[in-house]
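Across the two complexes that follow, subunit A remains constant while its partner is subunit B and subsequently subunit C.
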Partner chain A sequence: MTAQALAQVLASGLLMGLIYALIAVGLSLIFGLMDVVNFAHGEFLMTAMYVAFGLVFLTSLDPVLLMPIVVAVLFGVGAVVYLGVVRFAMRAKANQGMVQIFATFGLATLLQGAAQYFLTPDYRSIGNSWLGGKTLELGGVFLPLPQIFGGLVSIAAFGGLYLLMSRTDFGKALEATREDQGAVALVGIDRNRVFTLGWGLGAALVGLAGAVLAIFYYIHPQVGATFGLIAYVTVALGGFGSVFGALVAGIIVGFVEALTAAILPPAMKSLGIYMLYLGVVFVRPSGLFGKL
Partner chain B sequence: MNRRELLLGGASAMSFAAAAGFAGAVQAQAAREVVIGVIYPMSGASAQVGIDARHAFETALDIVNNDHALDLIGARGAGLSALGGAKLRLVFADHQADPQKGRAEAERLITQEKVSAIIGCYQSSVSATVSAVTERYGVPFLCADSSSPSLQRRGMKFFFRPAAQDEMFSAAMFDFFDAQKAKGKKIDTVALFFEDTIFGVDSSNVQRKLATERGYKIAADVKYRTNSPSLTAEVQQLKSADPDVLMPSSYTTDAMLLVKTTAELGYKPKNLVAQASGFSEQVTYDAVGDKLRGAITRASFSLDLAAKRPFITTVNDMFKARSTRDFNDNSSRQFMGLLLLAEAINRAGTTDGAKVRDALAATDIPGTSTIMPWARVRYGADGQNPDASPVLLQYVDGKFVTIFPTDVAIAGAIWPMNG
Partner chain C sequence: MTADALSPPRTAGMLPQRRKQLLTAAFVFAAVAASPFIVRDVYLQNVLILTLLYAAVSQSWNILGGYCGQISLGHALYFGIGAYATSVLFVSYGIVPWGGMLVGGVLSAAVALLLGYPCFRLKGHYFSIATIVIAEIGLLLIHNWDFVGGALGIQWPFGSDSWWTLQFARDKVPYVHLALGLLAVTWFVTFLIEGSRWGYWWRAVKDNPEAAESLGVEIFHSKMAAAAVSAFFTAVGGSFYASFLAYIDPESVMSFRFSLLFALPAVLGGIGTLWGPFVGAAILIPLTEITRSYLGGSGSGIDLIIYGGLIMVVSLAKPEGILSLFQRKPKREVRS
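Let's turn to the complex of A and B:
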């Protein structure tokens, strides 16, 4: 491989990795908050992409301008899912863990089925973005503008999330609820409210990822499955519950995937990620930055 | 026995009699209909293919079950005349592109739904498992659209494929290359780009062999993971190799991603000659058609054949009314597959598996009574139709034009495709 080809593979891996990180962080956040693995996370992503597509279809505006609405809608979806599904699943007397898995897994199936039924399984794509189809060339390395934009959005989102967690009352309440759910109730924090907002935030983050992805990726009822699995691996690698871990792990996954595809036959590109994942599970089961 | 027991007994006897009568009615009904199992991806990444297939099969059902004044097999007369005008009924099953789900659905259709034959399955990997089940039960399997050559090489007695397989399609591609070379066009190197299930692997095996035999250098040989989130590293390899012809074997998702990624990485393939599949789906052209000007795909079907056989327009309109799209490479083969199956069942005069099998084996129909460019429909000992002449289509000005073989070509090829 030439140096230029290597630079291209690494640059593409980094840009994809930042998006993986943004997809994964909401999953990690919700787990850290209340020990629930959201199996419908990929379908939240798919929902966000369809919302973006629908808004573009209705308004003919640039999808970049519509991103705040997508994020707000997904915030609502997350909150409703908590209040309507997860809250009840958590009240199960027996096998609570299994009930939560089935509840979110069932939700995933429902969302996929609903998307296929109401929106048809045809592939959609957004063609009217100013960013769409534009590519920046730096010394023979091609960087598509939508992906650069996605990477920047991802970095900004992680920055914002860091400020939110460390500087605001909500962030402190979130952190406190993560530390000890029982104790926060004693000091007057409404646990249910924190959980609702936490789910909203988690869904809003994956909504942001979906809004970015919709600019350059096709939209389809199954698209969540393509990215969902990578999100789980990313969260496990970074450490369940760790926001910083999701960022680092996302970038690592992006690099490893791109490099594996370049060195081994590309059909084995997932091999690198799963080897890494297995290694982490054996050597450090809590993930790179997890507190499990 | 008191009165209450007598009443109960009487009631149960009556309900039993009613049930028996009902069963008799069902049987009488069954004699007047022939049930065919249809196994397609109705959900998952290829769901749209399954939904279009459903429209194609329902169009064929209409042709067989009702009287149509068309010179197409199965069109004249309502129902199957040799079975007392019996109507066809279809039972659809979803395999989600999963060979194991396909196998389970085939078992269910045969044992529970008592189907007389099965038709399927788009993905070659699924057709492989489904045909193994039909073989075991002695039920005919009509392989409408899977193109992997390995399917016919398993010594099966109940497997039939009227359409071409990838050896024939690939041979047509290399015949075309040879013809272009003879005209002084430059084609020295090819790059293979294929997905990692039976379809892609078998297609690439044939192409690799043909390229070597006919003296083309293989500049890149890329087997990729199907439904990947990104194809950057893969396209980088193709770009470095920069072959004279890029030859992808991809399903829809990957076809779209491949074309998008080539544009993003500033790679313009000199020529693209595709093994249909994702490259015969309209959605691919809706999404990335602007980057596919001049792309060539192999096909079993071309709408411009309607100039010679006007009934193609009629059935295409019937299909379009259901699906809002024209017949394509996949839906035309699905439509034709069911007509050929119904014709054989009618000729057998029974739904007995072995007899329908023999009728299928004895099929000999001229291509002119189909909607395809095929010379004939007949099956070899392996169940493959050797006369299913493939064509090559080029995407020009937003539609496909037949460019090869020359005797059916509407226009000459634009080569190189951007030239």
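Let's turn to the complex of A and C:
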């Protein structure tokens, strides 16, 4: 591989990795908050992409301008899913872990079916973005503009998340609830409210990722399955519950995927990520930054 | 106290409840065996075959997931190993499916033991996700392995109906009996395990690993044994499925949805119980098959809506499974 080809692989990997990190961070956040894995995370992403598509279809505006609405809608979806499904799953007295998996997995199947039934299995794409089809050339390395935009949005989102967690009352309540669910009740924090907002925030983050991805990726009912699995691998690699871990793991996953795709046939591009994941958890069972 | 506290009660002969279970099983299985002679409709017989198959494989999953508490979401790997071993041995080497079944089962158990070494160190969600990833790796490799047909898969040759090659083109009834036989064997193995020392150990590992360990239960070996038995019978199910379809490709035997399809009947009916997988499959499989054929075929999505909604509602409303509706009093699991 020439130096230029390698630079191309690394640059593409970094940009995609930042988007993977953004997809995964909401999942990690919710897990850290309440020990629940949302098996419908990929379907949240799919929902966000369809919402973006629908808004563009209705308004004909540039998808970039519509991103805040997508994020707001997904915040609502997250809160409703917590209040309508997860809250009840957490009350189960028997088989708690199974109930969480299957309640959220059932929701995932339902969302996929609904997308197929109401929106047909057709592949769709958003064609009218100002960013669409444009490419930036930097010393022989070609970078598509939508991906650069996605990477920047991801960095901004992680920055914003850091500020939110460290500077606001909500962030402090979130952090306190993560650490000790029992004690926060004593100081007057409504745990249920923190969980609702936490789910809203987690879904809003994956909503942002979906809004970005919709600009340059095909939208179809199964799109969540692929990205969902990558998100679980990213979160497990970084360590469940670690926001910083999700960022680092996302970038690593992006690099490894780009390298695998350059070496092996395209159909095998996920092999590298999966092997890397197994390699890491077998040595460090809680991921790179997880608590052991 | 020692691990002896976690052993089956020492009594002469069989406990009355256990004898009742066996009689019930004999009655239920005899009724199912007679049913295809009464219900002649081929479509319904097909649904029955799939129901029995998923009940059997879900029972195999239940051995590891239900009794030992290790939530595997990658059992499609073992199913695929069974289906592929049987198909390759039969189509390329002329070895009858009965042999392929055994080879597939043993191979699958060996793979489960090999994977168990690193995987059983992982806890909770880390374990479940690792099983998904391993099955996905298996799927990718099979997809790109030309020796086993790659993405095109393997087509079985057309032969005359025979119990020797397990091919029945004209009549579905033998498949009903084969699937029933598989279910009866997995049920009986689970029955034996439930009453044996292993069964008590596995439930202890599931309920409270720390306490089990302090009593001298060898947790790691318990998990390994459960994984090997579970993988063996899952692979035998895959062998049956391959002979039933007479054509396999990677997606049709190893995709992620199979891993879920094996876990779901047990979850729906009641995990860690003898009849849970059967009850769950008897509800889930006819429901999905019939909605699929009457509501516009697969691809419309309505079957997924019903399926997903059902899983969600049952898992939230009845975490112990449907079977718990019929239990009069809580079962005592460990004598103290």
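The rule is short, and it goes like this: the second predicted complex is superposed on the first by the 287 of 292 C-alpha atoms of A that agree within 3 Å, B and C clash if a C-alpha of one lies under 4 Å from a C-alpha of the other, contacts with A are read in each partner's own complex, and residues count from 1 in each chain.
What we mean here is this: a residue touches a chain if its C-beta (ideal position, glycine included) is under 8 Å from a C-beta of that chain, and two chains touch if they have at least 3 such contacts.
From a predicted model like this one, the values you see are computed outputs, not experimental measurements.
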**Prompt:** On subunit A, do subunit B and subunit C fit together or clash when superposed?
**Reply:** clash
**Asked** Thinking of the overlay built on chain A, is A:V37 touched by subunit B (first), by subunit C (second), by both, or by neither?
**Response** second
**Request:** Considering only the touch criterion stated at the top, classify A:Q222 as touching first (subunit B), second (subunit C), both, or neither.
**Result:** first
**Asked** After superposition on the shared chain, which partner residues are touched by A:S125: those of subunit B (first), subunit C (second), both, or neither?
**Response** first
**Request:** Check whether A:M268 is in contact with subunit B, with subunit C, with both or with neither, and answer first, second, both or neither.
**Result:** both
**Request:** Examine A:Q116 and indicate which partner it touches, taking first as subunit B and second as subunit C; both and neither are also allowed.
**Result:** both
**Item:** Doubly contacted subunit A residues - partners subunit C and subunit B
**Value:** 112-113, 116, 121, 221, 265, 267-268, 270
**Prompt:** In their shared complex, at which residues does subunit C touch subunit A?
**Reply:** 71, 73, 118, 121-126, 128-130, 132-134, 136-137, 140, 143-144, 256, 260, 264, 267, 271, 299-313, 315-316, 319-320
**Request:** Spell out the part of subunit B that touches subunit A in their complex, as residue ranges.
**Result:** 43-45, 47-48, 51, 196, 222-225, 227-234, 236-237, 240, 252-253, 256-257, 260, 263-266, 283-284, 286-288
**Prompt:** What part of subunit A is in contact with subunit C in the complex they form?
**Reply:** 31, 37, 85, 88-89, 92-99, 101-103, 105-118, 121, 221, 225, 229, 232-233, 236, 240, 265, 267-268, 270-271, 274-275, 277-278, 281-282, 285-287
**Prompt:** Which residues, counting only subunit A, touch subunit B once they are in their complex?
**Reply:** 2, 5, 8-9, 12-13, 16, 112-113, 116, 120-125, 127, 133, 135, 137, 142, 144, 147, 216-218, 220-222, 226-227, 230, 257-259, 261-262, 265-270
